[in-house]
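Take this structure, written in structure tokens, and hold onto it; I'll ask about it next.
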Amino acid sequence: MADITASWKRLADRSPIVEFVDACLRGTSQVMLQNNPVTGLVILIAIAVGAFDSGHPRLLGGAVVGVAVGTATAILLRADRDSLRSGLYGFSPLLTGIGVLLFLRGSAMVWLYVVFGAAATTLVTFALSNVMKTWGAPAFTFPFVLTTWALLMGAYQLVRLHVKTSTPPGLPGHGGAEAAYLSGDTPLGMLEGVAQVYLIGSWISGVIMLVGLAINSLRVALFAVIGTVVAALIAIWFRAGATDVETGLWSFNAVLTAIALGAVLFKPSVPAVIYALFGIVATVFIQAMLATVLAPYGIPTLTAPFVFATWLFVIAKENFTPIPQHKSYRGGLMAPLKPDVGSNR
Amino acid sequence: MADITASWKRLADRSPIVEFVDACLRGTSQVMLQNNPVTGLVILIAIAVGAFDSGHPRLLGGAVVGVAVGTATAILLRADRDSLRSGLYGFSPLLTGIGVLLFLRGSAMVWLYVVFGAAATTLVTFALSNVMKTWGAPAFTFPFVLTTWALLMGAYQLVRLHVKTSTPPGLPGHGGAEAAYLSGDTPLGMLEGVAQVYLIGSWISGVIMLVGLAINSLRVALFAVIGTVVAALIAIWFRAGATDVETGLWSFNAVLTAIALGAVLFKPSVPAVIYALFGIVATVFIQAMLATVLAPYGIPTLTAPFVFATWLFVIAKENFTPIPQHKSYRGGLMAPLKPDVGSNR
Amino acid sequence: MADITASWKRLADRSPIVEFVDACLRGTSQVMLQNNPVTGLVILIAIAVGAFDSGHPRLLGGAVVGVAVGTATAILLRADRDSLRSGLYGFSPLLTGIGVLLFLRGSAMVWLYVVFGAAATTLVTFALSNVMKTWGAPAFTFPFVLTTWALLMGAYQLVRLHVKTSTPPGLPGHGGAEAAYLSGDTPLGMLEGVAQVYLIGSWISGVIMLVGLAINSLRVALFAVIGTVVAALIAIWFRAGATDVETGLWSFNAVLTAIALGAVLFKPSVPAVIYALFGIVATVFIQAMLATVLAPYGIPTLTAPFVFATWLFVIAKENFTPIPQHKSYRGGLMAPLKPDVGSNR
């Protein structure tokens, strides 16, 4: 395995085409905050399985076109090579590619929107990265969220575009209590929650993705499971919509938060685990809030709850030291804050 | 008096418990931008009076649990000791504690939300302080606003939580002109406006709080009165809802703006007074705007109008000098702006 | 011509009144990102023509009062002289002056709001400039947008104020496809789009404004035309509302984006032209999104689509070099980004 990896790296160094493919595969894994082409490949297989399984094979095309166009746009705009090779300009456009195909009613034209949306997502990645750098936080998947929200909301004004989301625009109101809860589908919904990170509704895809994550890091796969299980339990406890729990829609944001806070951004420690659990709880409540905020527009929260929760937990512990990138925060989670951070009144 | 104060300080230096109580009392006064345990104690008494008077005694419990949990969370997260002792991590959670009890329908469970909400508010305080530090502005009470908005909006999606706000979600529309205006209740409403800073609907509490403020600074108490009177008059002139004027709901944000701009952040001067008056007017209009923005969600503006108005007036005069904390802005209000501040086109 | 210009400059250096008039004329041209008193004078004539032509002569008064009060407020608040003389504190208040008269139902009182709104706009300009400076971007016309939005939304809560916008508050929904498209009025609508930058609905004013721009820079006039034509064609292609296309409402934001990205902020080059064209497309979609976001409040997008699009395209290429002011970005559009800009995960 290590042998193959080394050969692949040498190939990527010599051939621009292999380098590009490598960047796209890493980009596929970067949605889950990983930087591993094998993990990316396994996840792409999971997307393919889920796309065909759910009768929407073109979602796989959206993913591939998205990550490729996004990465190519970044090359055209002269992004730095290190980030490019790590797939950091591909992961948000990949999600935009799937999102556009999933939420906009299709014709041949829809592929034009995929290309345009993916290119725009890269531009938003540039701008948002500059903005968030101020507080030492990455943009995460928010460029995907912003671009897709814009396309879906814009579609109401443009007769040529048609949105197909599950709920029409309406004022928020208390949903009625649903009777059946904690059915046999709940555990499958938790697995589906992993795949919903990529907008794929299939628990089999979720299992394959967990395998892909485990190839890169057992810790990451473990926290993905913790994220989806804990979030689903909280959603059930507070009685969120049962159908959404069973299709993983209350879980996928917490999968990302759990990976980010529990396995990627902070050094492993008991406080870090508690911090990550608190982050998962916060993600569920932020998702509930955003669902209400977006109700009048009839569009989904996408991965915004993960982004807001993780920004909150990262910036709260940010000491304006150089930006940590996929590394542990210097000094760990429990290092005291600098005096000037708190004296804010 | 000075003797007692000195003894108290010595006690606080030696005993961690007294230190904690001191921090919580100072935190109670920090909502009004004061740093004085006696003022905090008097305000706590005012909250108690108002809570029992209005038939909601547990609001006092919410305040105490809120400020204690918020401060304790900051200790656990290793905040700096100076800010901790000044009560800077207690005042927003105190308001969250009251707000949760006031706006969420209760059972024993609701106390869990108070604890969770207070802890989350401290985390938001950390993050938002880091963000606002970029422009030399404190977070003020916005962590309370954000956390409470999130809990209230999230409640629409979670059957277990029930919101009880005065107005259900609806599209904004012009309210009908109300006949009776400037009744005998208006002056009492202005006093109630001082207490509404702590979400307490009692003019007696307002009077006690003014006494508490006067103990620390006559200037502060004076500007609190100016804030509530001027804001109520503007609201009456533009014919905002009469009931809201008479219960102080158009006043409490201006109380805070008047204290911040008129008595705390800038050196006393005639231009500073004019600036503060302009700030009070702006607070009323920002509150009207926010009431419209939040109408589709049926939730209150809380202290957001104060925060936005004060951010506006502080950042407008901010020269990117070191952050002033409860001190006068270097050079005073009328110091010329640096050339590069304005040339923004 | 050059002779007159030189004499005028000497006059402005000696007489404070001429200096003030010069600043106001330059401010009139700064809405279009120009700094030329003659261009400003021609545009003011265009506003006069359009105001009288459309039966709203007082819009001219709103423009004059707005730019004068805004500039005077900046002088009172001790803004730097260079920016003042370039008209950078006058252009947003000018638009607020027109906007208040156009969207609030009038009595003598409405002129008070014009004065208050213009002064508030200058304050917002100060604050927002400080905020956006962090990322090397100007505030553009956003102070006008924020202040006018606030006044219009606040008016729903205040019986004394009455909003008159074209669409009442409502949930977004797909508009029906309109039959007649690309009528003979479309080209006139494109010209009207230039004047709509100043909220003036007259194609003759648009022509005069183009002349005013051409006096200062042919390139700027050319990109204004490109902006209005391309945006209208995209709006037609995606079938936005035909009436809005024919009155220039889908064009005016793109006029500003085209001038900013194509003729002012970046060095002329083929990639810069492509970048500007992409910016025009983005402006149309951002406008569609914002129209949906604002639908529940029944207020117009104003120039927010231009501001958001241009911020996006400017901050995306911002390297945290010193802020460029009306000059070309150092190194041009295609200079490679610094490594740290992209590595945001």
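Going in written order, the chains are labelled A, B and C, and every chain counts its residues from 1.
FYI, a residue touches a chain if its C-beta (ideal position, glycine included) is under 8 Å from a C-beta of that chain, and two chains touch if they have at least 3 such contacts.
Which protein is which chain? UniProt says A, B, C = Urea transporter.
Predicted, not measured: the structure shown is a model, and the values here were computed from it.
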Homomeric contact chain A-chain C: same or different residue positions, threshold half: different
Copies chain B and chain C - rotation angle from C-alpha fit, nearest 5 degrees: 120
Chain A-chain C separation of Cα centroids, rounded to whole Å: 36
Two or more partner chains touched - positions in chain C: 134, 171, 296
Residue ranges of chain C in contact with chain A within the complex: 134-135, 171-178, 237-241, 278, 281-282, 285-289, 291-293, 295-296, 311-313, 315-318, 320, 334-345
Complex interface listing, chain A residues touching chain C: 30, 33, 74, 77-84, 86, 88-89, 91, 116, 119-120, 123-127, 129-134, 138-140, 149-151, 153-163, 169-171, 296-298, 323, 325-326
